[in-house]
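In what comes next, subunit A is part of two complexes: it sits with subunit B in the first one and with subunit C in the second one.
So, the complex of A and B:
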C-alpha cells in the first residue's frame, strides 16, 4: 500500500533543485540484483575488515594505515598483471592459464601488502609500544603513516587512477528472483569466503592461532605462558596484510579502474565500519559486518540515486551501530572466539 | 625554578639544550607579573599587525604567493588550530573530521551571502555568528551520540563525519557541488578610491580582521582554560575514569570542548569563504583535516602559543617553498610519525601546571613559585619520575 503510494509519487520533496530525492521504484526493481552485488562488495569489505579487526583484537589499535596496506597490494597486483599482458580488454586465455595468472598476481599482491604491513609495524608502531606511549600517540602515528604512504604513492604515480585492467569478461550464470548472477560475483564471493574460513580455522585450530588468541585475551599472562608477544603481533599484521592483498585482486576485478593513490582510503573506512558493525576484534563478525554493509550501501545507492550515497549510508550505519550497540552484532572477542 | 623541574629522560633524550633554553625563557616569562607580560606583548602584536605592510625580504612568500594572502592563510590556520587545540590538546579527544566544521562554516557564509544560493541573502558580518551557531549545532549533533564512546572510535566517526559533509556538498542539489557559490559577501566599507576595503585579491584587511578575531578568541579560550571547564578538560584528558569518579560530568564537558572547537572551526570557515569569495566542494577533504591535526601536534598540543607556531609552519611552508607544496601531505604525514616517535609533545610542548587554574593559588597554598610538571598529554605515561 505504502509502496504503491510512494511509487506513484516518484520523487518525494521535489521542488526546485532537489535537496534529497528518493527513488523507491528503482529500489524495488533492483532489490535482488542489489542484494547480490552488495554481497560481492561486502565480501571484499570483509577481507579488508579482517585486517582491522585482528590488529584491534591483539593491540586495541585502529590501524588507520591498513587502507594503505591494501592499496600497496593493489599496485603490486596492477604491475604484475600488466607485466603478464593484461590490458583494457579481456585477454584470450584458457581457464587454466587465466587462473594461473590471477593466482600469481594475487600472491605477489599478498606478499607486497604483507611486507608493507610488517614494515609499518616495525617502523611506526613498535617504537611507540616500547615506550609505552598513550593511545592518542598511536592513533596520530597511524594517521600519519596512512598519509605518508598515500602521498608517497601520489608523488610517484600522480593523481590519476591507473588504466583499467579487465581480467575476464563476466558471463551471466543463472537467474534468481529476476536478478542475473554473474560468474565474477560467484568467484569473488566464494574465494573471499574460503580465505576467511581458512583464517578463522587458523586462529581457532593451530598452535600459532592459540597464541594469538591468548595475547588478545591477556598479553601479560600470555607472555608468562611462553607466548612470544612480538611474534604474535608481527603475525597479526602479516595475516591482515595477506588478506588485504587478496582483497586487492577481487577489488580490481570488480572495479577495474580503482587503482589510485587514495583509492584505499574510503574503502578502508568502510571496512572499518564493517568490522565495528560485526563487533571489532571478532573474525566472524568482520564477515557478517562486511556483507551487511555491502548490501546496505548498495540499497542506499539506488534509493537515493547516486553512487556516492553508498559512503554516506555506510558512515551513518557506523554511527548508528555505535550508538545502539557499541560492541557490534557479535560482540568484541578475538580472545574468546572458540569453535 | 629551573632546578625544580625534572623532564622525563625518555621523552627528551636529544633535546636537552633547547629544552633548557626554551624552558628558561618560559620560566622567566611565567615569572613576570601579568601587567608586564601585557607590556611585552604590545610590540609583538604591533609587529604581527604590521607584517603584510612591511613584507620583510626573507620572510616574504612572493613571487610564489601573494604575501598578505599567505599571511591570511596562516592566520586562518592559527584560528583553526586554536579551535582544534581545545578539542585535541585540552580535552584529549582526537577529532579527525574538523574540516567538516570548517566546511559547514564556509557553506553557511556562502549560502547566506552568495547570489547563487537558494536561500535569502543577508549582510556578510551577520553570517559569522550564524556560522558559529550552526557549527555548534553540528558539533552537538555529532558529539551527542559519539562522545560516549571510547576515544579511538571517536577518531574514526569524526573522520566519517568530515567525509559525509564533503559528500553531501557534492551530491545534494542546492549545495551545488563543484560548481559552487560565486560572489560570497564581504564586510562593508570602501577606501578613498571607492574600492572595497575587503577585496578578494588583497589579503591585508582580511588578515587584520582574522588576527583581531584570533586575539579575541585566544583571550576567551584562555579564560575558559583557567576556569572550572578547563580544569575539567584537563582532568578528562589525563584520566577520564578518575575524573568521572571525582564527580566531573565527563560527557557534558567533552561535549563542551567539542562544541566550542566546532564553533571556532566554523568561524574560520566563514572567514575563509569571505576572503576567497568562492566556495565549492573541493577544499574540504580529509587530507586537509589531517593538516589541521598536524598543525596542532607539530606545535605542541595543549599549548596555545605552540599550536599557533605549528599552524604558521603548516600553512607557511607550502606557500613559501612552492616546490614543496605538492608534497605537503607527505611531509606532514612523515612529520606526524617522527614527532610521535621522538618528540611527542611537539615543538613547544605544553607544561601542565600542577594546579591548572592559577599560580596565585599555588603560591598561596605551597608558599613558593609553582612547580612545573614535566607531564604532557603525549608522554603522560612515562613522566612519572618526579
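So, the complex of A and C:
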C-alpha cells in the first residue's frame, strides 16, 4: 500500500529542487542487495564500535582517538600488503597463498592497532586517571590525541589516499531474492561476526572477562576483591585495538583506496553512533547498532539516489531511535551484559 | 531489593545440618571446610599477631577521623570494633583495607607494612572485606560474584585465557567448585544461578561474605553484617561468623548490635571521636565506664 502510494508520488517529488530526488523504484528493486551490502558495511562499523563501547563500559570514557587506532591499523595493513606484492590489480595467487597473505596482513594490522591503543591509554589517559582528573579533561585529551595522530600521519604521508590495493576480484556466489551475494561480502560478514562472538564469549566466560565486567559494574569493589583494574583497562584497550585492526582489513577490501590520513574520521563517528544506537557499553548492542546503521545508510542512498544521503538518513534515523529509546536499542552497559 | 522481612534466611546450612545424623554432619562439614579453607592447618599458632594498627591517624582536610589509633588483631580471634556513629569505625576499616592511606602511622600485616600497595594487592596479601551498604556485582549471578573473588588467587595470563590453555580451564573448574562450596558454606547455594540483585536481602549479605572468603583472606573484615537483620537472622549470622573463625579465619567485625557483638567476639576495641577509648574482653567492655558514657552519654553533673 504505502510503497505503491509512494511510487505514485515519486514522480511529483522528483520535480522538486534538483538536489533532492526520490527514487522509490530503485529502492524496491535493490532492496535485498542493499540489505546484504549494508550488512557488510555494518559488520565493519560494528567491529570498530566494539572499541568505543568496551572502553566506555569500563571507564565511562568516549575514546575519540579510537578512529586513529583504526587508521594506524589500516596503514599497517597497507604497508604489509604492499610489501607482499599487492597492488591496483588483483594478484594471481591460489586460495591458500591469498588467505595466508591476508591473515598475515590482518595480524600485523591488529598488533599495530592494539599497540597504538595501549600506547594511547598510557600516554593520554592513565596519567590523568592517576591525578583523578575530571571527565572533561579526558574528553579533551581524547580529541587532542585524535587530531595529533591524524595530522602526524598527514605530515608523514601527505593529504592524498594511498594507492588502491585490490586483494581479490570478487565473484558472485549465489542469489537471494534476486540479489547477488559476492564472496567478499560473505568473508567480511562471517569473519567480523566470528571475531565479535569470540570477544563476547571472552568477556562472558573467562576469568579476565569476569574481571572486566566486575570493573565495569563497580570499579572500587572490584579492586577490593583483588581485581587489578589497570590491567583490565589495558586489556580493554588491547581488545578494542585488535578489533579495529581486523576492521581495517575488511574496510580496505571494501574501499581499496580508503587508506588516508583522515580515513578513520567519518568511519569512527559512524562506529561511535552505532555503539550509542545499540546501547553504549553493550557488546551485543554494538553489533546490532552497526548492522542497522550500515543497512539504513544503504537504503537512504538508493532512496535519494545519491551517496551523500547515506549519512543524512543514517543519522536522522539514529536521532529518531534515540528519541524513543534514549539508552539505545539494548540499553545496557558492559557491566550488565551477561551470559 | 527486597526488604529484610521478606523470605526468611533461616534454612541454609544451619537448618540443613540439624537434619543430619552426627556422622553425616561430620563428614559433610569436613568436606565443605576442606574446600572453603584449604590452608587452615598451616595457620600458625593461634594468638600471634596477624595485623597491627600502629599509631594510625587519618586526616581529611581539618577533620581528624582517626587519632593515633593502635591495636592488634590476633590470629584466629574474632575482634569487635565498636563505637557510636561517626566514631571512625569505617574509616579504620578503609585504612586497613587500603581504601585510604593513613596520614601517619602504619598498618602491618604479619609484620610487613602495607605501605603504598594498591588495593588489589592488599586483597591478594590476604585482607578481604564486606560493605556496610551491600556492594555486589548486581548484574552477575551469585556464583559469578564469588568466582570474581577466587580470581584473586588465580595465575593464568591474559594470553593463557585468550587461548584457553589447559591450566585456565582447570583453574576455572576449581574456581567454580570452590565458589559453590562457599555458597553452601554461607547457606545460599540454592540461589547460585540467580542474579545478585534478585536475591533477598539476607542472601545478599551472605553472598558478600562468601565473595570475601573466596579471596582466601587471612583477615576477614565484616562491616555491619547484621544491618537490617531480625533477631533470628542475627542468631544465624552469629553461628556463621563463629564457623568462619573455626575454619581458620581471623575476623574483624564492626557492628552496632550489642547483643551480637557481646555474643560472638573474643575481644573488643572501642572507638569514640576517632580515638581508642577501650580494649578488652566483652565482659570488661560491658562494664567499662568510658564505654558506657560513650554509648549512653554522661549525666550533666558528672561531666568534666
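The rule is simple: the second predicted complex is superposed on the first by the 323 of 339 C-alpha atoms of A that agree within 3 Å, B and C clash if a C-alpha of one lies under 4 Å from a C-alpha of the other, contacts with A are read in each partner's own complex, and residues count from 1 in each chain.
We adopt the following convention: contacts are C-beta pairs under 8 Å (C-beta built on N, C-alpha and C of every residue); 3 or more make two chains touch, one makes a residue touch a chain.
Every value quoted in this text rests on a predicted model; they were computed, and no experiment measured them.
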Combined model on subunit A: subunit C and subunit B, fit or clash: fit
Contacts of A:172 with subunit B and subunit C, given as first, second, both or neither: neither
Touching partner for A:202 - first (subunit B), second (subunit C), both, neither: second
Angular separation of subunit B and subunit C about subunit A, which is computed from CA centres of the superposed model and rounded to the nearest 10 °: 90
Touched partner set for A:144, first subunit B, second subunit C, both or neither: first
Contacts of A:223 with subunit B and subunit C, given as first, second, both or neither: second
First (subunit B), second (subunit C), both or neither touched by A:127: first
Which of subunit B and subunit C A:85 touches, first, second, both or neither: neither
Shortest CA-CA distance between subunit B and subunit C [superposed frame, angstrom]: 7
Contact residues of subunit A, present in both the subunit B and the subunit C interface: none
Interfacial residue positions of subunit B with respect to subunit A in the complex: 10, 92, 94, 96, 118, 145-146, 149-153, 155-157, 159-161, 163-164, 167-168, 170-174, 286-287, 290, 293-294, 297, 326-327, 329-330, 332-337, 339-341, 344, 377-382
Touching residues (chain side subunit A, partner subunit C) in the complex: 202, 206-208, 210-211, 213-214, 217-218, 220-229, 231, 235, 335-336, 338
Residues of subunit C that touch subunit A when the two form their complex: 97-99, 118-120, 123-124, 128-129, 131, 135-141, 144, 147-149, 151-154, 156, 158, 161-162, 164, 168, 171-172, 175, 195, 211-212, 214-215
For the subunit A and subunit B complex, residues of the former touching the latter: 16-20, 60-62, 64, 123-124, 127-128, 131-141, 143-152, 154-155, 265-266, 269, 272-273, 276, 304, 306, 308-309, 311-312, 314-316, 318-319, 322-323, 326
